[in-house]
């Protein structure tokens, strides 16, 4: 399964056609600090996510990666005791600003979760279009949208004949791609993925990684992963999170993926990417 | 070589049968009741209560002694505890059987089909069983319980949704009062509706007044069951729907409630089973009637439990027989509802 | 330590030499390229401790309305309970004004001509609730005394003795018994239980009359607190058993296996592990049963002879007793305005007592659940 760096880089080269950046960051986190109650879990995170790039957040368990990614589309505040300082800018606008509607923010910044979570009471087709219903968007060309989203998520050929079947009938990997398709329907400009492959078999993982590469042509993707090889395979940039001795988690090092893995500037990054801890 | 590869057959040495021990168990658990029965028949002690008085100590002592001195030793306290646990089951079971049996046997013996279709307006005291019936009471029960369901299920589900979805500061407060409400005596619910609606002239003695009284009793059952059910809806689904840009209202309507649908039906059914047999509050609100009345807001209305009550007060042999039949009908309805609810609920838990 | 990053991606071919990651074939140039993003800069650590910001949550109108409705639904129980208290108190005002606290302590309930002496009555009414209040408590205690051991035995048997396959149907059956309508118990109590129960009572009276409870002032054994207690006991056993069973089933598996590993027999296991752990649940369940028994109306109505002109303090076998709920049903139909008000007062007292019992039960069960966590 493991791709070596050369192949990984080559793969990215072949898939990536559009230049990754015109200089505008789609998403920017400024001085993010996070607390649960009085427990300080993240300290001073500053990250910029260039438009149409894939950024991987890596780090050992409990370092605050998942907490961080949830602050990026205001899912964080749904947890009890959650507090936050700092700003998250989407297209230059602070999503925690006084006039921001969290519902709108989530429409712009989509999210895919660790465990595939299709809605059990809906069919495959209904699941994909659930976002439209939830956001109360009226559309004419439902079939088109459905096919488009499922194609982008790499699931269309597998499910096109059974769109009316309950989503529970799909395999775990298919369910996760269904969840990706579901979040694509709303055309988010940013897609957050919280360990999307951790519950999946290698085959499904490969399919999803392929999907991520394809999606990154026209959306900014942030992916939390435990799997360093996956980070290497799919991401343009990587940020390494670490929390030591009960201190709040922070970004130790961030940079271009290939460089971070090859020439880490920080000893701890070096240790981590070489599997010496975590 | 082949010797080495022989796979031993699986054994369960702890399950090996031991004839001596089996015999001892048989003597303990079958012998003592038989002996007690014999003693009850032969001695002045009599009746099934007499049997219990003889059997229980006999069983405890036999089991204890055989445990202490017999094959496979056991602590005396241990065997006593086992016998007492069994005895609790037997005593409780006997009581329940003695409640159920007369209902079933008297109910079937007195059953006439006309009992289900006719009303009691022309039935005189102790009239023969084929004259008059409980049709009006069945209709009344349907209307009253139906209306009570229509009132209490939405409110109960809202209360449950408050606890599981809003999760606000009032949550412990809400749960406390729902719990407290489940202890309101049924007669008090009846008195309240009588004072608040009937005395004040808002309603007559009527089906609707009865339904409101029953919905007070039904609400906590519905709210608590619905809360348990809504808790079973994984938080993942809520998060997923919120992340898709759903407002809370649409998340609840399109994802949470559909996922909990069968469980909410269970909540409603359990609520119905709770109140279908209530008598006291209806005496003070629906009041009872001997004739068909399908209008829930005007004039008093009968219901099955009220019918049983009134027939029992009449006291004639045939009246009491009718009461038993009505009890059987009531018991069947409650049993069917209850079993349905449990089956639906267990299916939901498996899913 | 704050880190800012952002680069143009450079696509560098690299070599892989066996294990781990090796150096790229081409070094990344140290100088920033023509792209806009700065190379990683490590800023100086923040000098001030950060403080959480206030996040304004702007909810949509639909959500505000929705949450408002949910709050209203959540408060329904409280509103109804206050309504019950308010209406009963208001309706009971006339009798409370006329008798004051005497209403709760007086021991004679006599309707007379429905008027007070001060209103020019020739046969003045007198309303004292004590016999009924005490009677309700007495019956409920008899019921709990019978039901508690029965329920704990049943719950223990279901959890620790019965094979798993039988336990579930048995649990459902016990819950079903809790759903049997009280009128069925009334009928059963009157026609089935009473003939037998009178014999039991007589036997207790003849053979155990040195126990004060079993003495009687006149030998009529039929519609006694004892009889009502038995009926109520059967009704509340499933309620107590359900609570107890839930607590027993919640005894942590490792406590049980731990005790078994130390050689505990079923008895020592239950005595030393299960019962101490489940004590709160058992007490809470018993109080829940007590509350239910206090409020039960129809079943008691048929098996208890109401005696309204004095208090039967402890002669549980005697055919005279009190029950607030039963009093309300039996007097409601023919009550004059003042007596009606007295019945509301009786309802109010019943409401408050059951509320108290129930709140106590909830608190005890909740406390034992918290301890468990």
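Which chain is which? They are A, B and C, in the order written, and residues in each are numbered from 1.
Note that contacts are C-beta pairs under 8 Å (C-beta built on N, C-alpha and C of every residue); 3 or more make two chains touch, one makes a residue touch a chain.
Source: prediction; values computed, not measured.
Among the other chains, A has the CA centre that is most remote from the centre of subunit C.
Contact counts per chain pair peak at B-C. For the pair subunit A and subunit C, the distance between mean C-alpha positions equals 47 Å.
Averaging C-alpha coordinates per chain places the centre of subunit B 16 Å away from that of subunit C. Each chain gets a centre from the mean of its Cα atoms; for subunit A and subunit B, those two points are 50 Å apart.
Among the residues of subunit C, those in touch with two or more other chains are 60.
Among all residues of subunit A, those that touch two or more other chains are 103. Each of the following residues of subunit B touches two or more other chains: 247, 250. By the touch criterion stated above, subunit A contacts subunit C in their complex at residues 4-6, 9-10, 12-13, 16, 20-21, 23, 25, 31, 33, 35, 43-50, 53, 77, 83-86, 96, 98-103, 236-237, 239, 250-256, 258-259, 261-263, 265, 273-275. Taken together, the subunit C residues at the contact with subunit B in this complex read 59-60, 62-63, 65-67, 69-78, 80-81, 83-84, 87-88, 90-91, 149-154, 156-157, 160-162, 172, 175-177, 179-188, 190-193, 196, 199-200, 234, 237, 265-268, 270-271, 288, 291-292, 294-298, 302, 325, 328-329, 332, 343-344, 347, 350-351, 354-355, 357-359, 361-362. Residues of subunit B touching subunit C in their complex: 47, 49, 74-75, 77-78, 80-82, 84-89, 91-92, 95-96, 98-99, 102-103, 154-155, 157-159, 161-163, 165-166, 168, 170, 173-174, 176-189, 191-192, 195-196, 199, 216, 219-220, 223, 247-250, 252, 273-274, 276-280, 283-284, 305, 308-309, 312, 320, 323-324, 327, 330-331, 334-335, 338-339, 342. Against subunit A, the residues of subunit B that register as touching in their complex are 167, 234, 236-237, 239-247, 250-251, 254-255, 258-259, 261, 351. Residues 1-16, 20-24, 27-28, 35-37, 39-40, 43, 45-46, 50-53, 55-58, 60 of subunit C are the ones touching subunit A in the complex.
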